[in-house]
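What follows is a group of structures, each given as C-alpha cells.
Consider the two complexes below, in which subunit A is the common component and subunit B and subunit C are the respective partners.
Moving on, here comes the complex of A and B:
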C-alpha cells in the first residue's frame, strides 16, 4: 500500500494540522515507510479472533450522580489563551 | 549519600544524620551544576522543593514518617502537578502550569516525598531516544554523545547521574524499561490498571501505565507501594486489595533462593536482531539465575514479531483521539495569527506539535477513517488478542519470562532520528507486554563497551511482587545495578 499526496492532505485536514506542500512530500515518505511496517499484519489470518480493545476485560463502573468537585473555573481558565466573563474566546463562527 | 538506597536514606533521615532540607539541597546543587550538560530536568522550583522538605522534616520530628517521607524524587513531566509547569516535552504545553495534581503526585505528596523537579521526555511520550522533546535531547550520563532512551529519558538520566535518588516514568511501549536498560537502572511497568492514570497526560489510554525508575528492585518496590491503588477518578483503575510489593524481599538469604522458579525463555527473544554483546550479557544472567536455583524452560511467543506493526496502529489511533483536545482553546499553545476558528485549530496544532507527534496523529487519523478501520484498526486489535494469548499459553509453562530489554545498548544521538521505522524497531522486545497489559521490568545485567545492558523480566498479571523478588535475588549476588557513570562529580 502507498499513500498519495491527496490522501496526506485529506488526513492532515481531518486531524486539523496545517501542512505545507513541502511537508506533504516528506510526510508522505515517512508515512509510507511506517505503513510498510504495518502491512506485515495483513498476511495474518485472524478470522474468528475477537478484537481486543483493552488489556483488562472490564465493565465500566457506575458512580452515584452526586456533586464531587468544587467550582474551580477561575483556576482552570487562568491557563486558557483567551477568556472573558468565564467564557473561552474563539474567532467568530456565526456572522 | 548519593549512592544510598531509599531505605538507607530513610534510615539516615530517621536517625537525624541528615535532614530532608539538607538532602534536597544536595540534589538541587547537583542539578544546578550538572543539568545544563545532561538536560534531564525541564523545570525545577527550589523554593517549593525546600518547603516540601521542611514539612517532611516536621513530620520526621513528630514521628509521623513513612518510608518515603523526606526523600526527594524526580517526576516525569507527563504528570500534572499543581503550580508546576507540566509540558509533556511539547511546545504545545510549554506554558502550561497545571491547576491540579495527578493522583500519582497526590500520593507522593501524602507520603511526604519531595518533588525535586520535572524531567525531560519525548514529546507526549512518543519516542525511544528523548530526541523528540521540544526542550532538546537528554544526554546519556554513561556517554554524553548517546541517547538515554525514551520516552522517560529525563527520569532515567536524572537517576543515573545521581540528580535524584529515584524517579517516576510512564510506559506505553517500553518507555520505562528501555531507558532503564540504556542508563543502568531498575524500572518497573506494572500491570495495566494498577497505577492511576488520572492527571497523567494521555498518549494511548489502553496501554499507558506509570511506574518507578530507580537503582534497585527494592527501591522500585517502595515507590510502587506509594504509587499503586484504586482510584475512582480513573475509569480503568482496578479495585484490588492493597499490596506490599516488597513483601517477598525480606525472606532470609538462602543458597538457592529461587529454587522451584521456572523462567521462560521465549525463542523469539533469542533469535537474530539482538546485538551479540547484549546477548552475551543476557546469557551470563541466565547462568546466574541457574546458580540461584531457577530452572530454564523454552517457551514461544509466535506472534511477537507482529507486536510492532499492531502497536503502530493501536497507539497512534488512541493518540489521535487523545491529542484532539489540544486545539488552542482551553489551555496550551495558540497560534498568534489565524483567520477563522478552523484555521486557528490547524495553525495552533501545526506550530504546537513536533514532527513525530504529527506523524502519529496522521497515522491514527488514517487507520480510524472510513474504509480503513477494519483493515487496520480491527486487524490490529485481533492481533493484539493473539499476542496476549501467546503470553497466557507461555505462563502455563513458567512463572516469569526473561529476555533482553533492548536489542542494542544506547545508540548515538542523531543515529535514528531521521528514520521513524528504525526507531520503532528499538522497542521490539518491550511492546508486546503493553499490548497484553502485563507487568514487566528491566534491570542492569552487565556492560558492553562501557554501556549498560538491560535484562527484561515479564510477569503474569498482578505478579509485581514476584518480579521484584526475582530481580532482587539477582541484585543480591551481582553489583551491576550499583555502578555509577564516571565524571559527574
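Moving on, here comes the complex of A and C:
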C-alpha cells in the first residue's frame, strides 16, 4: 500500500499541520516507508493471538471518586494569552 | 406516524452525565453552576505532562447500568482517543471508548400508548461506553472572540446506544422516558435535562416496507422529551416529502430549532469528522472482575421490571397499575411503604389512592411524591380505616384533605377530632331510615310504582341525615328490607 500526495495533504489538514509542497513529498516518502514496514509485519501469522490495546499487559489502576483538586484558576490563567470574566478567550468559533 | 405507507426507523444515542463527585480522569469537582474554570485542573486543561487516572466511581456506574439492562459488562474494555479540534476540547481529542466498550447488548422494555392501543416492546441496546464531556463555548461577544469554560471538561458520561428498533416518535419518547427513569432509579445520573445531564441524539430514516434501510439523518442534542417528539415528527415528514418529491436524502447531522419546530443541517457527510480513533496510550485496558460485578449487583435496588412483576404477581395489580407505579423509584418506594403498612390485602386500594387522589393532588400543587404532605404511613392509616369500615370512601377523601393540610397527625386523629366515624350501629341507622321514610312519602310511592331512581333519592336522604357517616351498605340493606316489607 502506498499513499498519494492528496492523502498526505488530508492527513496533515486533519492534524492541523501546515505542509509545504516539498514537505508533502518528503512526508509521503517517510509514510510509505512506514507502510512497507507494516506490510512486512502483516505477513506474520497472528492467528490465535489476542490483540493488545497497550504495549504493557497490565490493567488500568483506578482512583477513588473524591475531589482532590482545588481552584487554581488564577495561576492557570496567569499564563493564558487572553482571559475575561474567568473565561479563556479564543478566536471566534461557530460551527 | 407510519404516514402514507412509509416505514420509520429510529435509533437513539443518549449521553447520561454520571453522578460522581469528581471527574472521570481528574480529581476536579463536577458540581454544577460554579464560577467559570474554577473546577478545571491541569488534567482538564491538558497542560503538558499530565496523565489521566480513571475514576472508580464512574466505572461502577457503568457496571450498574449494564446489570440493570441485562447486558454484558465487559471483562476488558479499552479507552480510545477520538480526535477533533475545538477550543472547548483542549487536548485535541476526547477520551472515549470505541472498539471495546464497557457495556455490550441488553435491552430496555417500553410501554407505548394508553388504554386499548397500549403495547409493550423491548428496545435492544447496542452498547454503552464511558467517555469525558467537553467544556463549554460561550459565543456572546467578547470583542469578537469566544469565551471558554472548562468546568464541564472531563465530566464523566455514559453514552448509551440503541439498535434502530423504534418506529415512531411515540416509541422514541417512551424509550427515552424509560431510560431516564432507569438511570435515576439506579442512581447513576440525576436526569436533570435542563442542566444537560441527560441528552439524546436521534438517528431517523424512512423506507418503503421490505426495502433496505434508508439514508439516515442524525438530530443532535435534544434536551427535552417534547423536543425529541417534535424533532422526530418534523424530520419524518420532511424525509417523506423529500422522497415523494423525487429528492434524495443526504446523510447529515441536523439541529432542531424549538422556535421554528424545524430541523436544519449542521454538517453533511462530506464535512463529517474523521475522528481517527486509536487506543489511548495514556490508559491501560479497564479490567472488571466478576467479583466486582457481583459486589456491585448486591448494591442495586430492586429494578423496575422486577418490581413491576412483583406488584402483579404478589399484589394482584393489573399490568397498567404496576407499570404506572414503577414509573419512578420515588413513586414505587412510596407505594411499597403504603402496602407494607396497610397490608397486601389493601394493595389495590393503595394503588388507587396513590395513582388517584394523591397523584392528582401532587400534580395540582406541582409537588414531588418524596415531598408529599401526606406520608406513606398516614395514607396507610387512612386505607386501613376504609378497609375496616370505620369510614366510607367519601369520608376518606375528607380525611385525606385534612391530612394534606396538616389538620391532624394521623387518619385516626382526624376521624376522632372531626367526628367522622362511620355509623355502623344498626339501631341508629334504622332510626334514621324510619325518619326519612316517614318524611319522604312521595319518594316511597314512586319507588313502589317501579321507579328505581326514587330509591337512590332515599339513600341520599338517609346519608344526608347521617352527615355522610352511615355505612352505605347497611343503609341500602335496611332501606330495601323496609320498602320490600
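Definition applied: the second predicted complex is superposed on the first by the 82 of 95 C-alpha atoms of A that agree within 3 Å, B and C clash if a C-alpha of one lies under 4 Å from a C-alpha of the other, contacts with A are read in each partner's own complex, and residues count from 1 in each chain.
By our rule, contacts are C-beta pairs under 8 Å (C-beta built on N, C-alpha and C of every residue); 3 or more make two chains touch, one makes a residue touch a chain.
All of these numbers come straight from a predicted model, not from anything done at the bench.
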item: Partner chain(s) touched by A:62 [first = subunit B, second = subunit C, both, neither]; value: second
item: Touching partner for A:16 - first (subunit B), second (subunit C), both, neither; value: both
item: Subunit B versus subunit C as contact partner of A:54, first or second or both or neither; value: both
item: Which of subunit B and subunit C A:82 touches, first, second, both or neither; value: both
item: First (subunit B), second (subunit C), both or neither touched by A:46; value: first
item: Contacts of A:90 with subunit B and subunit C, given as first, second, both or neither; value: both
item: Which of subunit B and subunit C A:33 touches, first, second, both or neither; value: first
item: Partner chain(s) touched by A:71 [first = subunit B, second = subunit C, both, neither]; value: second
item: More subunit A residues in contact [subunit B versus subunit C]; value: B
item: Residues of subunit A at both interfaces, subunit B in one complex, subunit C in the other; value: 14, 16, 53-56, 58, 60-61, 63, 72, 76, 82, 88, 90-93
item: Residue ranges of subunit A touching subunit B (in the complex, touch as defined); value: 3, 7-8, 11-19, 27, 30-31, 33-42, 44, 46, 49-56, 58, 60-61, 63, 72, 75-76, 78-82, 88, 90-93
item: Residue numbers on subunit A that touch subunit C, as the complex places them; value: 14, 16, 53-56, 58-69, 71-73, 76-77, 82, 84-95
item: Residues on subunit B engaged by subunit A in the complex (per definition of touch); value: 95-97, 99-100, 192-193, 206-207, 232, 235-236, 238, 303, 305-306, 308-310, 312-313, 320, 324, 327-332, 334, 338-347, 349-350, 353, 358-359, 361-363, 365-366, 369, 375-376, 378-386, 388, 419-421, 424, 435-437
item: Subunit A partner contacts - residues on subunit C that touch it in the complex; value: 20-22, 26-29, 35-42, 45, 47, 53-59, 78-79, 83, 85-87, 100, 137-139, 142-150, 266-267, 274, 276, 279, 281, 283-287
